[in-house]
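One structure is given below, encoded as structure tokens.
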């Protein structure tokens, strides 16, 4: 129980500090908006075929905006060596991981809630698919991405150039989840007849989430060990 | 209180600690002196379980450090060179956060009282990032004792403090001593060491070179011993 | 003169005998590699039947598959030694994991270059987005990342620990990557062994199978030789470092 309690305390601390400074969240949202604008240059929003790339664009936004937040999540603990403070405190490494995960996950959800409607609006995308399924896919996809992302951010934070290292570590490892969520999102947004196939993808994502959440939980001790 | 046996630490072929045997009783205030690179900070970090020793055993309050990390960490208050404070947080928020992590009770009242004790109650709700070095150091010591630790590990707590701040800090340490807190303090400041400590350990090259008790705040005695061990030998 | 030599020998009695033993093993492995490679060349170019449509170009298939086998095996070895390292914390396990990953990266590059050559003559295109190819590519990226973790600055045991963690995560990821991509699209690769869901064109002639197995054996021996050699290089580097450190300590005193 101590594990959960301290994790929640840490997540609260991160979110509250974010509420005060609004550095990361604002950067993430502006970045997401910029990605949307760049995509509108690359793919003409007036063109109907553009609708086909929307599911991909959603995940490009989440992944790139997410990486900004993940990068900061452990780097921010290096100022004044607060990471040492956490490690010297009576909390398990798993608890630090869980706390950071919760904070990152909340933040990416906020980014999604703001940027996805914005994307639909700008690209004049009519939502025809099933909203609950869409939310499930977004939720599960973000969960897996942030779970492994937080873990690898903790790992990369040991490097001096962790901002550059993290994407190199994260993208190959998250390939399955990225393939899965883009496929599932595409089916749900544009082609609801193939729902069975989307459900299969959702199962794959869920399996990935579970496996990697557990593996990260077990291995984080070795990453945060001093 | 603290039992260290044959403690060694090796990093990249370099022996930082070469077999430390040390036992410290409850309520003692111990100063660790020694030249740079003697392994003083490393010893504190091992005690704070921030560094894994290569060999040897450490027992705190009868508990093996390796096996009872959480219990031991709860008993320790650790203050390294850096402040361990969150810049955007006020002293109160910092103290409350760490107090809660340590599972202390009545954190808020205690935090307010501690900030007052270190003479910064006027800045209770200001973000720490605007503070001067001395103010940060005072909040940092308050942070280290927010959960009423039984063992206090201080790494050069007096650096960068002016005379007033030093006396505030010494008062805090002495009041902790009154509560039977064991204090280990790495320092270069003989005067402070002689003033508040009742035992001096001199470290050199990863070993304990000398270990003695002092009385009557005899600073001359300390520097004589130190010169004999460190400067005389080299 | 001879006196001097004798004294030197007695001064360092342990190290030379040890390295002599390992040198013997290295030589043995080297010999075995050369012989088995020659044998496999015979099997590939003379014994095995020529493919009907691709003729000699098909021969690269043996190297391609064997390199892929070697690469995956190398990464599996990295995975095993990473786990061993995290449990036992012996430096030698870390060295094995690292050297094996390096060999793996080299052979992944060979796979990724021979693949397009084969693809060009088999499917008339250099690169196809096909499960095994993409999996190999992702695997390549994962192990490049693994090597980048090793290049971080810091003490060795931290780097070794982090790399071991990543080695485990990376290897655990590979099968999932493969399944995800396979689901995503299956179009081109002939499924050589066993039955494929959509592609029945597979199957392999007996002589070819023999040649392939011989080549795989040869590559496995090559791998163990390279691993052995690489580890002994790493060991030498370490002991040079240690001697340097000792010398420095002596001069310091």
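Letters A, B and C mark the chains as written, and numbering starts fresh at 1 in each.
The criterion applied here is as follows: a residue touches a chain if its C-beta (ideal position, glycine included) is under 8 Å from a C-beta of that chain, and two chains touch if they have at least 3 such contacts.
On a predicted model such as this, the values are computed, not experimentally measured, just so you know.
> On the document's contact criterion, could you list the chains that touch chain A and likewise touch chain B?
C
> Give the identifier of the chain nearest to the protein's overall CA centre, each chain being represented by its own CA mean.
A
> When the contacting C-beta pairs are counted for B-C and for A-C, which pair yields the higher total?
More contacting C-beta pairs are found at A-C.
> Can you name the chain that lies farthest from chain C, using the mean of each chain's Cα atoms as its centre?
B
> Where the centres are mean C-alpha positions, what is the separation of chain A from chain B, in Å?
Their C-alpha centroids are separated by 40 Å.
> Determine the centre-to-centre distance between chain B and chain C, using the mean Cα coordinates as centres, and give it in whole Å.
Here the centre of chain C sits 50 Å away from the centre of chain B.
> What is the distance in Å between the mean C-alpha positions of chain A and chain C?
From the centre of chain A to the centre of chain C is 34 Å.
> Two or more other chains in contact with one residue: find those residues in chain A.
If we look for residues of chain A contacting two or more partner chains, we find 225.
> Which residues of chain C touch chain A once you look at their complex with the stated criterion?
86, 138, 141-142, 144-145, 148-149, 152-154, 158, 161-162, 164-166, 168-170, 172-173, 176-177, 179-181, 183-184
> So in the complex, the part of chain B that touches chain C is made up of which residues?
Against chain C, chain B makes touches at 11-14.
> Spell out the residues on chain A that touch chain B in their complex, using ranges where they run on.
Within the complex, chain A contacts chain B at residues 2, 5-6, 9-10, 13, 16-17, 20-21, 79-82, 84-92, 225-226.
> Under the stated contact criterion, what part of chain B meets chain A in this complex?
Per the stated touch rule, the residues are 45, 48-52, 69-71, 73-74, 76, 78, 80, 82-89, 93, 97-98, 100-103, 143.
> Which residues of chain A touch chain C in the complex?
Going by the criterion above, the answer is residues 148, 151-152, 155, 158-160, 165, 168-169, 171-173, 175-176, 179-180, 183, 200-201, 204, 207-208, 211-212, 215-216, 219, 222-223, 225.
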